[in-house]
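Paired with chain B in one complex and with chain C in the other, chain A is shared by the two complexes that follow.
So, the complex of A and B:
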């Protein structure tokens, strides 16, 4: 824009002003991509060979077989739904005290650090890794899946709750405190009403995620529809596997739309 | 807000009585469903194993120390692979998500009736199948290795990136677009000068956010053979090499915390 005095054409100012920094960044990105591809070791022969194999693989998914394993599928679905509901309830119940402790404007420093630590650790591990250990400790079945999803819920919900509390309007909190309310009254009448609408929405969102995750937790032995899916894969019953995948997609879509609708209605 | 008179006294309650009852009924229903589901899970659980778990956990923990730091020499390669899976997967997802989002946003889509539903279906399908399942399928198609992991992460992330991006496109300020159109700009120019600058911060934020999530996701892809640190984790667990397992877990925590820190810093700098 400063060059208008000299030339009549305008050029969009670049995002990064200094040309040196801009080009160095591009160069570094280029080097990184080259290195990454260099170490990736793509066996193009294998990929080319895989294309017809993949086609055959996908062809064996069709037509999806809903009836052959219907009893097992129904069993798996039921287990998934139980796991989803119980783990969401327990996870949220645990994450409320942890989330309160992890809010900087509520908790003293040592409590804050401890709760943030709990959240960081439970968020660091992907559900599947937690599930592997839970299955090792508690045996196969939905109980391990339930524990896994609960832990994941604590990390997710606790963190968002803490952030929401940190963002709240301090004016209302102060007003309630000024009436001489006790700590729990203060929490109940000033903090809770401010965060509740969003937290109900997030709870439903987490219900949705937990169902989706219950499909993977089963792959490593955590019960639910994932276990059925894994069995179908192991037995090369790809038509049943396709049916299960389609059912998962359908349920996820239904849950997503209903939870979106309920969230709008609640807020 | 409800105030009741009890003789002389005026008692304040937060809610009307009927509303309070509705809320209690809601709690009752949720509790009943929870207890019922819990019962069913409990029937399928071998409680003997559960009761034995604390002892098992202590045993496992005792086998995990001391951490086998020497194993780190092998792990560097796995960490590098994991980072590559996450980064290249995110790049691939972004490249594919931009046109998808463009087609899915109500104000930019070429056709609301024909193109938009297709774009929305791509978004939903990519989001509802977990990256581990994508990896399971892709390992069978392109063979085990990092490449399968990159594609799995990429396919999985399209939906997420495209969804957030198209929401950002739908929320842009139309008057800027109008102003650029008024200068006689062509369609492509309107996109480049009217829309792109407005969604650029959102785009950068989304990509860093998804990169951060993908680091976490790519740590498990190795379990099904798609490369990365999960491969080592799986091998160490099957070999019962617990001192290696503890090192891997520490490395995963460090990587995830670091990536979260980087993404928070970058998002802070952009937005």
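So, the complex of A and C:
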């Protein structure tokens, strides 16, 4: 490097090249945010009233009462766990063929489109909406909850399985194909080893989600611990409700830690 | 034994990768296919076992026309063509043994392969091959625990356990260091001689091609521009294949590096012959 050379300046090129477009976009975004806040009508009087009411409400949660409604809590928990496990198993079982069909590098175009369609439909509604629908169809109780969570699991697991298959290393798949393996042998020897660890992890994650969702689904009539929680609120038994909430938190934490551990182990 | 007739491959993007290749490979011949990147070397060998579907032309393996076979027959035909890959292409989360046995997938049924209950004869052969390449003690290691040279040797076992007549070898040394590259090339050539296999070896390294192959075919823009013995690669020929460059150094180096490798491989008695059949197990196992 010679010292006589002029030093050239360098700046990171902006994401949007034209300065006019860039600044107009900023301006529009600013105006929109200002307007959005402007339409939000906050009644400070009601906020002031609500704060002490909230304090009273929270205070009635303590001390949590585990014993008063223990039998009902146990029933609800039982139902919830049953719902969680069956819906996870069935949901994953259904999502494997759908996920295989929804992977572009495995399936021909028509199968791909059909399977992507199934996934899109089952993902487009939130669990609560499906649950309301299922309760209308099959009546109150855990069966409606089970169906809801199964459908949600298919959407979640099938999509992630398909994406994981699409991301796999084509070299390994090609090598197994070159040996003259059949399609199922090829799946078993080249696709499965590549996606299995992540899929086990996601299965456990889904188990954890399904347990949490089982509480929400119960509130709209899908049975389980959610139904028990809803009853407790309806009867103003906030101390029992607090006990239920604490139990849900504890179970979610247990599942969370075990799934983290198992995921590390299967890698 | 392998005969390509006016083989053409046009990719869907419109690129003409192979422009009517005619090629005849007799029994037991090790042929090196050289040429710049994008010349169509990979496409050519993948058209043989139809990992890439040829657009037109014929591929005959012992009088079986491969380009028109249905799926079932294609699988049967693929069993007779072992393939060795550039990045080894081992299934990383399977064990060494599973990877080797996967070469038998074309012969065993689904449930047998699913439960890993292979016939004893397959398992014996797998151990024989692993022993031959010095890796039998590694059979339960996961493939991703091995070094590059070791992985490629597992890849070779996987190809050979298919009991192939032809080896398709795609850049076997591209991800290996110079010494391991030679060991791998030597191993492939020795095994071909032992089992009387023909082989097509795609290779970037002109020196290695000259050292180990009996015949060299130069490919450029999907056309054969050279077909002859290794010592026919003059600077003019290399310029024709790769383009203008000072080739004198490349060609001269062949002899220099040969001597260098000898002294380096076997410092004690200096008796190593790069093409010799004697194999040092430790050297092969990547321990030196």
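Throughout what follows, the second predicted complex is superposed on the first by the 240 of 267 C-alpha atoms of A that agree within 3 Å, B and C clash if a C-alpha of one lies under 4 Å from a C-alpha of the other, contacts with A are read in each partner's own complex, and residues count from 1 in each chain.
Just so it is clear, a residue touches a chain if its C-beta (ideal position, glycine included) is under 8 Å from a C-beta of that chain, and two chains touch if they have at least 3 such contacts.
In this text the structure is predicted, and so the values were computed from the model without any measurement.
Peer 1: So if we stack both complexes on chain A, do chain B and chain C clash, or do they fit?
Peer 2: They clash.
Peer 1: Name the contact category of A:66: first (chain B only), second (chain C only), both, or neither.
Peer 2: Neither partner.
Peer 1: Looking at the overlay, what does A:137 touch: chain B (first), chain C (second), both, or neither?
Peer 2: first
Peer 1: Identify which of chain B and chain C touches the larger number of residues of chain A.
Peer 2: Tallying touched residues of chain A, the top partner is B.
Peer 1: Between chain B and chain C, whom does A:205 touch in the aligned arrangement: first, second, both, or neither?
Peer 2: So A:205 meets neither chain B nor chain C here.
Peer 1: By the touch definition at the top of the document, which applies to A:54: first (chain B), second (chain C), both, or neither?
Peer 2: first
Peer 1: One more residue to check, A:42. First (chain B), second (chain C), both or neither?
Peer 2: In the superposed model, A:42 contacts chain B only, not chain C.
Peer 1: A:83 contacts which: chain B (first), chain C (second), both, neither?
Peer 2: In the superposition, A:83 contacts chain B only.
Peer 1: For A:185, select first, second, both or neither according to whether it touches chain B, chain C, the two together, or no partner.
Peer 2: In the superposition, A:185 touches chain C alone.
Peer 1: For chain B, which of the listed stretches 8-16, 62-70, 98-106 or 116-124 runs into chain C?
Peer 2: 8-16
Peer 1: State which residues of chain A lie in both footprints, the one left by chain B and the one left by chain C.
Peer 2: Chain A residues touching both partners: 189.
Peer 1: How about chain A: which of its residues touch chain B in the complex?
Peer 2: Against chain B, chain A makes touches at 12, 15, 32-33, 36-37, 39-43, 46-47, 50-51, 53-54, 57, 78-79, 81-83, 85-86, 89, 120-121, 123-126, 128-129, 132-133, 136-139, 141-143, 146, 189, 212-213, 215-216, 219-220, 223, 229, 233, 245, 248-249, 252-253, 256.
Peer 1: Considering only the defined contacts, which chain A positions touch chain C in the complex?
Peer 2: 169, 171-172, 174-182, 184-186, 188-190, 193-194, 196-197
Peer 1: Using the touch definition up top, name the residues of chain B that touch chain A in the complex.
Peer 2: It comes out as residues 14, 30, 33-34, 37-38, 40-42, 44-46, 49-50, 53, 56-57, 60, 80-81, 84, 87-88, 124-125, 127-130, 132-133, 136-137, 140-143, 145-147, 150, 193, 200, 216-217, 219-220, 223-224, 233, 237, 249, 252-253, 256-257.
Peer 1: Quick one: in the complex, what on chain C touches chain A?
Peer 2: Within the complex, chain C contacts chain A at residues 49, 51, 75-79, 81, 83, 85, 87, 89-94, 98, 102-107, 110, 113-114, 155, 158, 162, 168.
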